[in-house]
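Chain nomenclature is as follows: A, B, C and D, assigned in order of appearance, with residue numbering initiated at 1 for each chain independently.
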Amino acid sequence: MGIENLDHYSQIILSLAALVMLSSFIMLAQGRLLRLVFVFAVQGFMLVSATAIAAYSFNNPHLYISAAITLALKVIFIPWMLRRHILKLNMHRDVEALNNKTAIMMGGASLVVFSYYVLHPIMQNSSMVLLNALSLSLAVILLGMLLMISHHQAIAHVVGFMSIENGLFFAATVSTNGMPMVVELGVAFDVLVAAVLFGIFFLHINSSIDSLDVDKMNRLNEVDQ
Amino acid sequence: MILFLAYAAVLLSFLSGILALLMRQHCSVIKWVHYCCTKRPDWQQRLNNWLEQSVYPQRIQQLSFICLGMAGVFAMIAGVGGLMSEQAMTAQLPLGLPWLPWHVRFDSLSGLFFLIIGIAIFAVSCYGPGYVKGNNEQEHPFAVLGLFSGLFIAGMLLVLLADDAFFFMISWELMSVASYFLVAFQHENSANRHAAFIYLIMAEGGAIAIILAFGVLASFSDGGAFTFDALRNASLSDTWASVAFVLALVGFGMKAGLVPLHVWLPEAHPVAPSHISALMSGVMLKVAVYGLIRFSFDLLGDIQWQWGVALMIIGAISALGGILYAMMQPNLKRLLAYSSVENIGIIFMVLGLSMIFVAKGHPTLAALGFVAALFHAFNHALFKNLLFLGAGIIQHQVHSLNIDDMGGLIKRMPHTSKLFLIACMSISSLPLFNGFVSEWLAFQAALQVGVLDDAVLRSLVPVMAAALALTAALAAACFVKLFGMMFLGLPRTRHAAKAEETQDKGMLFSLSLLAGLCFLFGIFPGLMINLLDNVALQLLGHSLPNATAAGWLWLTPVSAEKASYSAPIVLFLAAIAGGISYRYLRRDPAMALRESETWDCGFGGLTPRMQYTSSAFTMPFRRIFSKVWIIDETITKQPGTMPLQVTDIHYELHVSDHSWPKLYQPIEKSVNRIARLVSRMQTGNIRVYLSYSFFTLIFLLWVIS
Amino acid sequence: MNVLFAIIQTLLFIALAPLLAGWVKWCKCHLQNRRAPSLLQPYRDLIKLTHKQPVVSKDASWLFIIAPYIIFSTTALAVSVVPLLAVDLPTASSADVIVLVGFLAFARFFLVLAGLDVGTAFGGMGSSREMTISAMAEPAMLMAVFTLTMTASTTNLSFAIDHVLQEGLVLRPSFIFSLSALMLVAVAETGRIPVDNPATHLELTMIHEAMILEYSGRHLALIEWASQLKLMLYGVLIANIFFPWGIAETFSLSVLGYGLLAIMGKLALLVVVLAISETLLAKMRLFRVQEFLSFAYLLGLLGMLSHIILEAAH
Amino acid sequence: MIPAYLLLLLPLLGILYFGLLGHKEDVGKQNIRFNGVTLLLSLWLAVNVFLSGTILSADQYFIVDSFNVYLIVLTAFVGFTTSIFSAPYMAHEQEIGKLTANRLRLYYSMYQGFMFAMYLVLTTNNMGIMWVAMEAATLATVLLVSLYRTPESIEAAWKYFILCGVGIAQALFGTILLYYAAIQISDVDNALTWSVLYENAKLLDPEILEIAFVFMLIGYGTKIGLVPLHNWLPDAHSEGPTPMSAVLSGLLLNDALYAVVRNKMLIDGATDSHIAGYLMMGFGMLSFLVAAFFLHRQKDIKRLFSYSSIEHMGLMTFAFGIGTPFATFAALLHMTVHSLTKSAIFVTVGHAAQISGTQSIEKIRGLIKTQPQVGWGLLIGTLAIAGFPPFGVFASEFLVLLATMQSYPWLAPFLLLGIGIACAGLFRNIQPMVYGEKPEGQQAVQANLWPVMIHLAIVLWLGLAMPDFLADWFTQATILISGSAPL
């Protein structure tokens, strides 16, 4: 069954999924924090769109609510907060030098393949949308982790963390028509609190090590000097 | 009934520990007394007076030791009862795991070791009050000492009672841990801390091996049950039985101090308080012997002759190694500790011999070896306790444990020296004393090797017997040196010159008691051997054919034609010979002794420093067996001195054990190396941590799909 | 009757021991072209010593004083269990050959302690060497003895000698080895050349003499007598175990007399061998003694092995 | 069900109460009261369960069965005793100027928050809520870890936050997969309800569940502290206030393991491949051995014991992984005794650090001479945790060993090796601290050691004679988890 046999909504959703993944790749290669946050907001927006379309196409009104929450949190609040911190801490001019950018991108690409490889056998009975969407969201999660591994700015870590959340959210929305409402609300609440805490931590970290470079936070190690 | 006596012994030793805990609780005890005796004001008054503040600590100490003494008496009675009864007594205690209550069993083997422990703790309880009297309560609290002594003794007794692996391990570890605290008692010395650490780790290692041994056995038992009854019925293949045996040998050998697993022993025994060293060296090692006997003879059952050979060889190495190391020690208690290694080696050797006889189908000879081993265990407990207790007195008086700081004590401490001499004679296995009898029995067992049809074994066993002879001779040399350096000659230090005989009756009484028993069982070994025969009967199914065939005066383990020994007659003859020569030669009053200066070759001015020191005494041995030790000798001469001016030559000697650098340091090093490698994982960089998580995820996903 | 005989035999043993010592000296002197003292000289020495007032160091303890009595009586006890004239000896059953070794160890224990008691360098030196040599000699001796006891399957000397006697003349390779081993051990244990030189007082070499340096008067007499007893004990052991022929098997007077002659003849011969070897050999360095004794041990071991491999009934 | 609701409500109130009034004088005592009442409630709940079996709330959102009720009681108990310890401890910290009143307010408020999250994890019947509560527990404690605002504590908190956040996100993905598998067979509303899933476990697609379990294991395993996901754990334990370390080690790790076991029960229902068990055994064994080696190189006393926690969590994971009734029983017992012992140890460790003014092992010396109760408490606690009898840890380790012997005999030597190495690692560090002469200027501190004594006494009791009702309880839970009773 090829993509041509699907309805348009599904085609849109799949395209958005591809775009979400693309945005993950862009973030992975992004050294400037403001652009990173911007791309993150775009990713969030595409997620919201996908959710809204899914809500419409599956006729599932409660997905609208989750779309709204996501919009508020991931597209507006978190990017705004991050941007504010970047400006406040005067980090908008810093460019993070990423080593082995090519290798990371190739690694990211193989992660996508790997996601398919992992989920393919178990999804044989399901629809293609589902398989693709789940695989892509797993890829987004893994790419988010890769982002955190390759970047050493605390803010980039938060972006990576949130993009993992995006991936999870996408998976929940597309594959299962959203989790039960209670759970969604709980998750959203957790994300909100986490975001606030991240903000607090930026200040603490900055005041303690005078930068947000996580590589400088290695007092607690056990390696022989 | 006997079982209740055994329980009483255990409970009393617990009680003694708990009483010791009250050492600093004067106020609450008084309050409690008031509360309890409100109706009897006269009692209250009396108790109040009795527990007056100034004498309170002493009272508590006395009470605690009285409890211990009673525990000893009960243990002795229970032990003798157990030895005499034909049947094993069993019971269950409502403790332990939900479906595995503590099983208790008291048979003659337990009885024997109860008797050993009972005698030892009785002696210790007489000795203890005098020993702890001078202690500084702030510095070395009696509460700790008493509590852990009580737990330690209770642990040992419980090991003997245990009839399932779980209970056995609990009691075993209780014994180990409590004695660990006792080793660490004077923890302000770094040597004590070091010793305690080594002891604890090795005890843990040993316990692990024992658990594994039980585990192997249990996995072949019916339904994996852990009661000894189930383990007895387990049917193992020969290989697995051997695996279990080796594990048990390592585990129990660790505790018993077999070379090369002995390294904790010379560290731990010397640093504990002397009465505890006595218990550790004299009794706790015996509990390990008990464990091995119980495990191999009772639980494993089908004994293979290879085990016996292994035991004999390891025992011979321990015996020779132990006594050679002992000989080089300047520290009295270290020397005694190494000598325990030697004696344990002898016991294991003889046990091995017994195993060979069992496996080759000669049960009566096996019984002979078995009895010899048990008797030696019993004897060693007596004289080693005596030696350690004596060492405690001497340490109090001379303020040192270094043999080269002593000398001439025979005049300053007449009683202690006589008792110590008896112990030295017993341990050197001289006739008329108990040590000799057990070695004699061992030789008798070894000489029956002709019945075996395996030529290798037939030639191996006599070689082992010769090793035993060498050990005995070396032991004699060692203890001659010990006694000579400590008690004879001139005092080498000020402290030694000013040492006084101890005034404490209890201490001397306990020494005399043990010395008396050494002598008693040296003259009438039949008393004990008849009891031991029961153990052999219960465990091996056979007893000695006719130990007293030629009447109670004679000991004839095999038959009257083959060998016989009559200590009473020997004693009688010796007394006659000595008496006649003494009377005859001293009849002329004109021939009274004349005192004079010692002959000094005409140079004048003999000083105590001209005497042979302990390292000088053992120098020939050091040369002959030089490969056995790591010898570090340094001679430094002051520059510019005359060639023959010896006062400017400084000689230093360090003798140490091979097993430490060869066996333990590599282990320690590799653990440290792995730990260093492992800790590289903790880099401190969060991105690295994230990548661990990432790759773990990838890996698992890859594995699963 | 038996008991009475045992007592008589023991007394005889004790009485003859100085004579044997005199005979050794006599032989040696003649071999070395010297004028020999009378055969009875040792008796004279002993009597003289017992009539001298003993001098005791002021640093000595009670142990120093009682040690000679203990040494003498345990040695006497040891000889009381060795069949001298007749096979049947009731005391042999109260102490077998292992106990015999124990008695010797007992005597040595006190001798060595006595050496240490006064606190001179000589005493310590002698004691240390004595213990070293005896520690090495004991296993060798037991190895040799075990060969015998395993052959006779008893440790009772009486029964063992009886067994050899009953068997008649059997040439056992194991006995040749054990005999040599026992002879070497005897040389070491009794302090003869090449292990120790009983005639010297040179401090660097002496062993036995160093320990008893402080003794005088009757104490010295006892110790000397005990060592003469020990010499004779070893001689009798060798003679009667390996060449038991001539020893009395019944208690008739003539047989006993014959037995006495036989043992005296055997001992005299042994002593000649000893004297010759003492004349031919030089004293060894102390640390060569271990090689000497380990050779003895090797011989003993070979004896044992040849008993097990060559002689045992398969 | 009422006590369960009250149990959840009370800490919620506590958050508010302390958030508003947490700067007051006797706030420590208030905290004790709050926790005391929850302890009573938990006991009430336990009695209910004991009398009437599993309780399921009407809306199926909450479940209390014999497995979690005992954990609830344990949680409440350790929470209560730790609050007893924390009152004088935190007061002392405030006294010496390490903390301000505002931070204390945060501390108490978050203490209650953490307890709430714990109760929620335990009582909920919804796998989604369980996830939410688990994340909430992280959020509640992350600020406590950085309470002292030292660079190290901030670093530790950051690592804790990020690593656990990322980890737990994976658990959410696992939960989503589970949900996906569930909606194939049930209606949307009940698709995450554990009790429903458990009944219909056979119908679930095993392949999806296996993958889901991998995610869950990685996710919750990060919180359990399984090697190599453990890196946050020693940092967080060592830098936070000590009462926090006590509850983290004693409770949070348990509850994360609880979550894994709940999931494992589903997987085992769906498939016979025992894959979940193998994974848990692998992780458990790895953690157990690696942590044992880590113990040898520690310089910070709290880090030392946090590695010991990793080691024991590894052992429990291993035992649950074996999955036989025997092993499960042992794991449950071990959970209990480890919680009790470890929190007791952290109490003494806290006092020890206050006595010497540092957490550095090299500088803590002569505790027994300075303050005997603390020194002996630490020493005996360490003995207990190292698995020496007659303490309960020995009993449970013995049972684990027994279970291993029965199922995988070749693994038993490794287990014992780990125990031995861990014991050496602990004692080479502990001994110098408790023994020896008292160093200059070291002073005894105000300390309430009742929690330690009570905990160790219970552990001792469990080791010597397990009371019948507790044994029944464990047996019930074992039947629930592994299908049949041990023996």
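Just so it is clear, a residue touches a chain if its C-beta (ideal position, glycine included) is under 8 Å from a C-beta of that chain, and two chains touch if they have at least 3 such contacts.
Computed from a prediction, not measured in an experiment: that's the story for all the values here.
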{"item": "Which of A-B and B-C has more C-beta pairs touching across its chains", "value": "B-C"}
{"item": "Remotest chain, subunit D as reference, centres from CA atoms", "value": "C"}
{"item": "Where subunit A and subunit B are represented by their mean Cα positions, the distance between them in whole Å", "value": "69"}
{"item": "For subunit B paired with subunit C, centre-to-centre distance based on mean C-alpha positions, whole Å", "value": "37"}
{"item": "Intercentroid distance (Cα basis), subunit D paired with subunit C, Å", "value": "78"}
{"item": "Between subunit A and subunit C, centroid-to-centroid distance (C-alpha), Å", "value": "100"}
{"item": "Residues of subunit C whose C-beta touches two or more other chains", "value": "none"}
{"item": "Set of subunit D residues in contact with two or more other chains", "value": "158-159, 162, 166, 170, 211, 234, 294, 297"}
{"item": "Residue list for subunit B, restricted to those that touch at least two other chains", "value": "676, 679, 682, 686, 690, 693, 697, 701, 704-705"}
{"item": "All chain pairs that touch each other", "value": "A-B, A-D, B-C, B-D"}
{"item": "Sites on subunit D touched by subunit B in the complex", "value": "158-159, 162-163, 166-167, 170, 210-211, 214-215, 217-218, 222, 227-229, 231-232, 234, 275, 279, 290, 293-297, 368-369, 383, 386, 388-390, 394-395, 398-399, 401-402, 405-406, 409, 412-413, 416-417, 419-421, 423-425, 427-428, 431-432, 435-437, 463-466, 468, 471, 475, 486-487"}
{"item": "Subunit B-touching residues of subunit C, taken from the complex the two chains share", "value": "50-51, 53-59, 61-63, 65, 69-70, 72-74, 76-77, 80, 91, 93-96, 98-99, 102-103, 105-106, 108-109, 112-113, 116-121, 123-125, 127-129, 131-132, 134-143, 146, 149-150, 153-156, 159, 213-214, 217-218, 222, 286-287, 290, 297, 300-301, 304-305, 308-309, 312"}
{"item": "Partner subunit B, residues of subunit A touching it in the complex", "value": "114, 117-118, 121, 142, 145-146, 148-150, 152, 157, 214-215, 217-224"}
{"item": "Interfacial residue positions of subunit A with respect to subunit D in the complex", "value": "118-119, 121-122, 134, 137-138, 141, 145, 148, 154, 157, 161, 164-165, 167-168, 171-172, 175-177, 179-180, 182-183, 186-187, 189-190, 193-194, 197-198, 200-201, 204-205, 208-209, 214, 217-220, 222"}
{"item": "Subunit A-touching residues of subunit D, taken from the complex the two chains share", "value": "126, 128-129, 131-133, 135-136, 139, 142-143, 146, 149-152, 154-159, 161-162, 165-166, 169-170, 172-173, 176, 179-180, 183, 188-189, 191-192, 205, 207-208, 211, 234-235, 238-239, 294, 297-298"}
